[in-house]
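Following this message is one structure expressed as structure tokens.
Note that the chains take the letters A, B, C, D, E and F in the order they are written out, and that residue 1 is the start of every chain.
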Amino acid sequence: MELLLASAVGVLTAAGVYLVLRQRTFPVIVGTAFLSYAVNVFLFASGRLAVQQPPVLNDAAAAYTDPLPQALVLTAIVISFGMTAVVVMVALGAYLSSEDDHIDDRPETGDEGAQS
Amino acid sequence: MSLFLIVALPFLGALLPGLMIRAGRQACGMVTFLVTLTAFLGLMTHLPAVMAGETVTARLDWMPSLGLNFNLFVDGLGLFFASLILGIGLLIITYARFYLSREDNMGEFYTYLLLFQGAMVGIVLCDNILMLLIFWELTSLSSFLLIGYWKHLPEGRQGARMALAVTGAGGLAMIGGMMLLGNIAGSYDLTVILQHRDEIQASPYYMPALILILLGCFTKSAQFPFHFWLPHAMAAPTPVSAYLHSATMVKAGIFLMARLWPVLSGTDAWFILVTGAGLVTMVIGAIVALFKNDLKALLAFSTVSHLGLITMLLGTGTPFGAMAAVFHILNHATFKAALFMSAGIIDHEAGTRDITLLGGLRRLMPVTFVIATIASLSMAGIPFLNGFLSKEMMLEETTHTTLFGNPMLVPVLATIGALFSAAYSFRYIVHTFLGPERDDYPGHPHDPGVGMWGPPALLVILVIAIGIAPFLAEPLVKTVTAAVLGGTAELPDAHLKIWHGVTPALWMSVIAVAGGIILLLMFKPLSRAWAAAGPPFAKAIFDAIIAMLVAIAQAVTGRLHDGSLTRYAAIFTVTVFAVTAHAWFSGGVGLPSRDALPIEPVPMTAWILLVTATAVLLRYHRNRFLALILMGVVGLVVSMAFAYLSAPDLALTQLSVEVVTIILLLLALNFLPRYTPVESTAGRRLRDGVISIGAGVGAAALIYTMMLRDFVEPSISAYHLENSYKGGGGTNVVNVILVDFRGFDTFGEIIVLGIAALIIYAITEALLSGPVRARLLNRPTEDVAGDAHPMMMVVVTRVMMPVVLMVGVYIFLRGHNEPGGGFIAGLVVAIGVVMQYMASGYSWASARQRYPFHGIIGTGVLVAGLTGIGAWFFGAEFLTSSFGYFRIPPFEEFELATAMGFDLGVFLCVVGAVMLSLESFSRLARRSDTEVNEYAMDIDPSRDDAPQPTGKEG
Amino acid sequence: MIIYALYFAFAAVGLSQVLALWRLLIGPGSGDRVLALDTISVNAVALIVLYGILTQTQVYFEAALLIAMLGFVSTVAYARFILRRDVIE
Amino acid sequence: MMEAAEILVSALIVIGALFILVGSYGLLKLDSPMSRLHAPTKSGTLGVGSTLAASMVYAFVWGVGSVHELLIMAFLFVTAPVSAMFIAKVAIHRRRVAVEPPSPPEDSTWATKAAPVAEENA
Amino acid sequence: MASRLTRRIFPHPLLTLLLTLVWCMLINTPSTGAVAFGLILGILIPILTAAYWPQRPLMRRPYRMVSYILIVVWDIVLANVQVALIVLFKSNARMKPNWVCIPLDLRTPEAIAILAGTITLTPGTVSADLSDEGHSLLVHALDAPDPDAVRDDIKHRYERRLKEIFE
Amino acid sequence: MSHWIILPIVLPAMMAAFIVLVVRHHVVLQRVFSLAGTVALLAIAAGLVIATWDGSIILYQLGNWAAPFGIVLVADRLSTLFVFLTSLLAIFVQLYAIGSKWDTRGRHFYALFQFQLMGIIGAFLTGDAFNLFVFFEVLLIASYGLMIHSGGPERFRVGVQYVVFNLLGSTLFLFALGTIYAETGTLNMADLAQRIAAAPAEHTSGIRAASVMLLMVFAVKAAILPLHFWLPSAYACAPAPVAALFAIMTKVGAYAIIRFYTLIFPPDLEATQGLFDTWLLPAALLTLILGMLGVLGARRLDRLVAFAVIGSMGMLMAAVSVFTPQGIAAALFYAIHSTLATAALFLLVDVVRDRRERNLLTFDLAPPIAGGALVAGMFFAAAIAMAGLPPLSGFIGKLLILDAAMADARMAWVWAIILGMSLIAVIGFARAGSTIFWRAHASEAAYDEGPPPEDEAALAPLPALPMVAIGGILATLVAITVFAGPLQRHLAATADQLFAPEPYISTVLGTPGKEITYKGHADEDHDKDSTARDSHGPENPETPLEEEAH
């Protein structure tokens, strides 16, 4: 299970980074969303994994899943939502006021732009 | 008068000219004069004590921990220089009053002048080398202002910058040197440092300190190869040149070498560096001066040459050399100031300083002619003038000096320097005043008023007086020399007198004068040869260096900061990866201490879903809509994973946030292109792929390793589990952490959300109040389907929205004990409202919206905050919770916790923030050609039967 | 007996998710993809309910309810985007 | 009694799972967008419904009883037609139908095909 | 006057009832307290959201809704088996998907919506669209060699009943 | 207990909420309330400085939960110093915003402004690593809003980059926090210090990785090479009062580095040897070089100042990276100085921009501006301070840093680079100032066809309030120069306190929190799980699943 989760974090991180390195605002924003999935799962896993443990207190339970990282992830999710909303709007503002959604100030020269 | 006051007077007085200029130029000049005079007289009150060999001190602690203190002292050397500075300052102030024209801002001029004067006085009187550094750099700064005083002249601006760059550079080097020196001596106080000659010269830091300090001195005193700034500083008004380059600025370096002479001199390094530099400077300066056609440039290079002479004398390290240096400082100040002022007069009256346009002025400007001639002859080293005396002493000293094992080197070079010195001095007289009168002077040359010729005349009287009766100056020179020697050597036995007998020095002097005359006679062919040789222009080199620096700076910073975020992000990722990997691999990883959980089929399926969706998204991310759908899949899988891993709160939050995020992105995609074009080359994609795989592998490896190991100590969450119910009144530990244990995080978090919404609103407003508005309104309508508000959706929403609100309330109320809480409830309610907006449209729904979303956000933050503050009234900390169980029939026993008030704030803030954001986006989408729909649904057959619409009610 | 039924159900629903994802990936139309996503979210409700039976807890009820509700909202949003380009108008 | 309940729950679970599988299978198998719409909207809904029923029965027999599964069921049943209609509208709008729908017996055209301008005047 | 006040407090009495029921289901443990609290919310929420549901649909015979729901549930179960069989065992080529147009006698939006929903949930049919003035319903049938039969079946089995309930 | 510590956080938050709720349509009222709030903030901050002057450490347990289980605020000399600095700067900035009417050029200026203050001050005061993240996010998101305040194409484009880059930083922060929690099981900074010090020696990789990840997070904030790329354009594009306020934002990064790497990862910590003691100094020096090269190479005045900020952070971090009390004290002095100096420069740049034709900030020829002498004089003073020339505080700061660097083996490098870069800065500032302020006087002669028609903006008299604000900052610079001695004593005491963290740790961890008195249900026999429907109930313990699972 740990392997599945860790590799999922890896896949999400890699996808996020790859998309963040794209040249238009939209994929970059999607990339940041992926990074926030990745980091949320990462943060969650920092409390170690527990399957089929009661998430809520009860007398019968012997052990619980670690609640603290969950609370942290909740906070992180909300914050990254706020950030995503803002970056979407700023990107939109940039696109609407200059009709260009490149994230770089000018397209890179050299190995870039051959197809653009 | 207190030494503090003497130093402070020019600074305080600097405020006055600016104010007095409104009372007229006379008042302005007068007040400046009076300030300087007061300081001068104050200084003179210490004369008797100093002449008696005493040292007057004044101390004030500033930063004792650093050793930076406002300590002043005045001994012979300090008094000598301070008198020169203030005394010549008085003459310059007078002269400038008449020299400056009506267009010049005199208040500004005198302000700068006084600042400069204060800085100079500070240098020579201070007893703390850090303090000295401060005054040192202040002279650079104030001279920058003075040199650049004529702002409209490009030469002025360039000259000012060059002077600042060179002397500033030296000053910076000197900071290093002084700090080393202070550290060797254990104190930054000069008087203490001067006691530590042996420690200093034995220290390994002596060499770096010496070099750094000399760099400061040489740049300030225009020693080769740092001499080039000085001629360019001649773009300043002549009073400035006269002041800076005779008595003050350039003498600061000389002063410092003299001041530190007791501790720094006497070593081979000192001797070679200082004598060598001085000698070379003296010769080169003299040669260049001869061929300068600008009077002030000629004088400037002559100054360079004479400063070299003094430097060389200080470099010999002998008491006699020191005495000669002191004497020449005095003499040079007098004749050089007079010469600069006379050059200024010529410029002022004849309208040019170009020596080739002059000549024959002796009849037109007799007074000036006399003054300039006497001063020039003194400079040339003609007997019965003071310049002769000190030059004889110099030549005498050189005959005893052996450089690089060659006893002839120094005397010969010194003689050559003196020879050229005589030549350009004669040229100054001959080519300006002698010869036939011309009829093409740019101005109308005539003698100026006494205000302008008076000051140089006074100086010339001194030149003659000292030249004829040197014994008058002897007590002063000896006192000063004693101060320079600082008790490290005996005062030389020599006396200042005109006739020493027929010594080698006399012969050298004769050769110099005779050679000077011959050179002048041969001037024309020599001048042509000089021009043909095309000697390198230091300015060109300097400009090239600066231009190169600027070009490098622009290349480096411009190339790095070209606005390519993709590269910034790549650098960021690679840096993080590399540094973290280095840290990780240079440490140790203990053995795994936990067993891995088994891999079950359902999670495996979820993993496949996630990886496939992600992979396909990466492949087809250019189809933006598809990307959003795949993102929906990934978000769903992540939520399910949270649920599977016993974290239902997370699952709920992730789900609802996911949906709102998708809606936001869809709203944005409405305006954006639907496809991302292919822009990156395969190579670039490969690079990005490698970077991102690195990042992914890193993150995966990090978390995998940690998941199989235990905490170094048990986690603090054991406490949360233990006390969630007993102390926080809730069985949902996650929620109790959120609203109680770590409620402050949540407080910050809702504020983030609130701010996000405010920003989105503000941006919408900015866009809609700018040029974008028109473009948005008149966007072409695309091929869209009809039926914007389908009946089925509307009808279902009518039932569903209240149900969703109900669910929201339910999730809110149970959050403390079961998965849920204010945040999720807020999102659920917001999504319910969004449903309504989607069903009947923004304008229809918002017309029926009674509560401004801004207000809901504000209320939310206030409610949460006030709940926290409420605890204060019970003597508890912010956010301290309390709870109790109540029973009111017919309800069952229920729990009320203050944390619920806080959660209510969270709830409100979330609802307000989500709705304000979505609303802002949809406001952007309004086109000019769409009308506000009057009805909830576009198609409603019941309206056929009901003629009066009821849509507006409610 | 129930446990085997559950195992079967997990396998069947898991397979269903893969099938639905397959449809989502091959499309060909945006409508197909939206439908596939909607199916995935409805199936997810089933997964959650099954998991609730397996772990004998009802704490996942809200999750199931929310997936049902949010799945609907997002399907409508996606479809509205294709139909009108503007999700809220 | 317990055995009967066990059999009932197991049966409901298996039936539900089968319906879900059939729904997704149909989604993949059927060859036109409009046909594909049928499979998951019905089978899926009933599949989940059956699963929810299993959960309810289970709760009533082995727990304190639970009816809130009904709520989820209601939710799915109310929303599924709307989702289906939207997706059908997408198919019609994007011309992804094998056969264009015939003209309506009453009125001029189908709502999806009505030009937005015309719709404003309606 | 009194009726206006009643309308303010109970803009949609059935909704109030429904919401109370929903609350009880959410709470999941039957108790008077739950009902009471549900009722309070059931009253409050419709008042808050009344603006979004301006007209109160006329339901002449709401009690007949029960029998209608039972019929539909039964049909759903049958329909699903049918569809499942078609999906599993009928090849794409042999299927006869078809469009079915249903002229509507119903006029109430709520009733039309219920009809459309019913059609989607029942045998092999999905309601796809409404005509631009709301007088016809477009239905897609998965395997219907005879669309007219489907139309008549729907009109008879569902629309007629809904007409009785609503109009 | 006293609530003074939390007031600087709660007051701006409540003020912002109040502004949004009540006076969002009245600019004048917003100004009044916001200014009043900031003045009150300054008073409170002054009180906190005094309260911690003697070295006392004030602890505030939020929710009355003892550390490390709840979040705590900790006021010591270091945190109160920065809180005070923030409040002081905020007053000047706000006066400028009012005087220049920047506050009316977009929506929600004051709400965002107050939230920004809340975030910054919260970051200074918190004693919890995750809470620090939250406050970082508060200050960041507020800064996003402020940076693009009033909009415009360029600002939006730069804004996207600014936000995205910082999102990467925030993501890294979470990775770091996850790692640190996974290793230590705690989030409280004092507790972290204790647990990390006691961590087993053979298992250090995670702690090492976390320590450098955190360092890089803070380095992003502090604009240290090569993580500084967000800064130049963002600062250059931000509205002037915002850029001035941002001067303190980079200091948040510096503060966090100082705090974490004296408290949690102190220089003598075995587990993290060979990391920041190796890397931070070179990075700081490169930052210094790059910043000053930027000053020299800038083609616009606003970018010049932005690069000066980077350079100043390089100076500051060079002092920090010596990791001695002396170095930290020097860094603190420089932090105060550079915050004020850069703020003044940004505001002056705005004055110039406003009054030059077509708002030119390039070094192109433009007519002189009215009141140019005053502006030029102020610019001269601020530039002197920034370049580290006497007599203003920059020079003293530089001396302190050079002095502190003697303790480091790499002293020669530090000195050479600091002094060399000072020269570059001097040349750069001289070039810019003489071009902007002096060359203007040549313009009449320089224009071929006579001077361009005079610009109204350039001729209008200087507005008073903005100049008062800038004058106030410069006066503060003069004050910290004059009173450098006492200030330095306090900063030295502050640094000493940082290097003796035991009182901090024992205050945080040793103070008892809430006394938990069990408050069960009204009828006591109910136990906690009776409300929880966590299982299907205890009546039928043998469910078929459990049976089969055996």
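By our rule, a residue touches a chain if its C-beta (ideal position, glycine included) is under 8 Å from a C-beta of that chain, and two chains touch if they have at least 3 such contacts.
Model, not experiment: these values are computed from the prediction.
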Neighbouring chains shared between subunit B and subunit E, ordered by label: D
Chain of greatest Cα-centre distance to subunit E: B
Pair sharing more residue contacts (C-beta pairs) when A-C is set against B-F: B-F
Distance between chain centroids, defined by C-alpha means - subunit A, subunit E (Å): 40
Geometric centre distance via CA averages, subunit D-subunit A, whole Å: 32
Rounded Å distance, subunit D centre to subunit E centre (Cα mean): 14
Residue numbers of subunit F (touch at least two other chains): 130, 134, 137, 141, 144-145, 148, 151-152, 156, 160-161, 164, 168, 175, 178-179, 181-182, 187, 233, 528-529, 532-536, 543-544
Sites on subunit C at which at least two other chains make contact: 1-2, 15, 17, 30, 34, 53-54, 56-59, 61, 65, 69, 76, 80, 82-83
Shared interface positions of subunit B, touching two or more other chains: 563, 565, 569, 573, 628, 644, 648, 669, 699, 702-703, 706-707, 715-717, 720, 725, 731, 741-742, 745, 749, 752, 755-756, 759, 763, 766-767, 770, 784-788, 790, 792-793, 796, 799, 803, 807, 817-819, 921, 930, 939
Residue numbers on subunit C that touch subunit D, as the complex places them: 1-2, 4-6, 8-9, 12-13, 15-17, 19-20, 22-23, 29-32, 34-36, 38-39, 42-43, 45-46, 49-50, 52-53, 56, 58, 61, 64-65, 68-69, 72, 75-76, 79-80, 82-83
Touching residues (chain side subunit E, partner subunit D) in the complex: 22, 24-26, 28-29, 76-77, 79-80, 83-84, 87-88, 92, 95, 97-99, 101, 103-104, 116-117, 119-121, 124-136, 138, 140, 142
Subunit C residues within the subunit B interface of the complex: 10-11, 14-15, 17-18, 21, 24-25, 30, 33-34, 37, 40-41, 44, 47-48, 51, 59-60, 62-63, 65-67, 69-70, 73-74, 76-78, 80-89
Complex contact set, residues of subunit B against subunit C: 601-602, 605-606, 608-609, 612-613, 616, 625-626, 628-630, 632-633, 636, 639-640, 643-644, 648, 651-652, 655-656, 658-659, 662-663, 666-667, 669-670, 782, 784-785, 788, 793, 804, 807, 811, 818-820, 824, 828, 831, 834-835, 837-838, 841-842, 918, 921-922, 925, 930
Complex interface listing, subunit A residues touching subunit C: 52, 54-56
